[in-house]
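Have a look at the structure below, then the notes.
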């Protein structure tokens, strides 16, 4: 799977900072959520198609690795991609860099699992559900 | 109508600040909302009783007057009270002071109107609806 | 003074909502702040030039008028302009509409005052300070 | 090391929710940050004492495990404790439960490292720095 650069750009504002003049960790959680929304905007109907297969994909983990601090007026570039689709779960990888540079501000792994809408239980990613998810990946790498 | 001091206290954190080291205006909007939630927690069933009269009370205006800046580790005291109930609307007044002092950080007027659930239109605050609202005021001043 | 449409667009996300499925009032305060940042981005050095005149321009009031509710996936268009520059204060007017329509979601007046950096006191908007502020207005309407 | 229950309680509000009526993941990041602030409030001067040893303790990772959804009016109990102090890093463990129950809403591991203020480089947690950190742990378990 190749990386799809979503080109989500975001400028650091005064209200993103903490007492050290650095972007506060809470705001990064929001930037990442916004970038994931933006990512899925590119695949209209994705969540409806998932639901039509009788499943939903709740988040189970967010793991953020802080690399460098971002400061006022920095322009951040947030990249989002599916990095792994396993038996019953998958992972979205996100990277925030300082725009126009290789400076990595943070990386994050966001894990979801497949849940059967009828039973409410964790289930396998196979058949129609796998097809919906891999279609996004194919479109990203096509 | 007398003021009911809700004793909502809140300590200023690093993530509340902006580039000037002051609490950012967005955060005040949140502090005020939280204090209003806290205020109505003291009158369980208030919104259900309003709904039972066939009405709801959407916010129509928030007017915030910034007086002084608050900084890291300040402990803020937020007071909330009904300040006026008119023909078709009412006002909640909120004051944030530095705890243990007379230093006013900000004041706010939050206005709601009465809407008829059936018609979706602005309506008079009278009869059962007025009784529900004034019961809160009586309890505050009793 | 004519209106400058800043074209700040923003899509309503799940995390902007409250229990009624409407954008919560706190989030509007943030949308407006972001749009003001965006507005001033168009005039690089504005705040430095204000400071060079020996002043700063703290916010003194925010007055928001809620007109209609916005819901998930709405695309909002936020317009920001100087609406008035008086003796010692000025006002920025902001309007949020549903993109591509005349539907007004909210309007806001954001008031600032001029403060002398040396005395810390409210002062007149005149001379070099007035020139800096009106240059922005001229650029908006030019 | 035993767990110190910080008794940070928090009630879920409408503005914490997303389109599913669940607390949004961004808000959990904020609840955890607030609870960590609250935890360190119990050890006044902790960060000053760390600084006096010539170090600071930046966050390097936040890893959140979502277990169950929280909904409107839930009262959450957030527990915070040092769970590990290693060679050059340490971990704070946080658990959010539904108050008065064993229902775990989420767990989080928050990792910090020791950085030398002079060199800006990762360094060992030993000597005076270790003493400051373990004094907190001793006070928690004493």
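Order as written gives the chain letters A, B, C and D; numbering starts at 1 within each chain.
By our rule, a residue touches a chain if its C-beta (ideal position, glycine included) is under 8 Å from a C-beta of that chain, and two chains touch if they have at least 3 such contacts.
Everything numeric here is computed off the predicted structure, so don't read it as measured data.
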Message = On C-alpha atoms alone, could you tell me the rotation angle mapping chain A onto chain D? Nearest 5 degrees is fine.
response = 180
Query = Most remote chain relative to chain A, going by C-alpha centroids?
reply = B
Key: Separation of chain A from chain D, taking each centre as the mean of its C-alpha atoms, in whole Å   = 24
Chain centre separation (chain A, chain B; CA means) in Å = 36
Task = Averaging only over C-alpha atoms, locate the centres of chain B and chain D and give their separation in whole Å.
result = 31
Task = Among the residues of chain B, pick out those that touch two or more other chains and give their numbers.
result = 14-15, 24, 26, 30, 33
Remark   = Counting only contacts in the complex, chain A reaches chain D at residues 24-26, 29-30, 33, 58-66
Remark   = Interface with chain D, chain B side, in the complex: residues 11, 13-15, 30, 33-34, 37, 41
Note = Within their complex, chain C touches chain D through residues 14-15, 17-21, 24, 26-27, 72
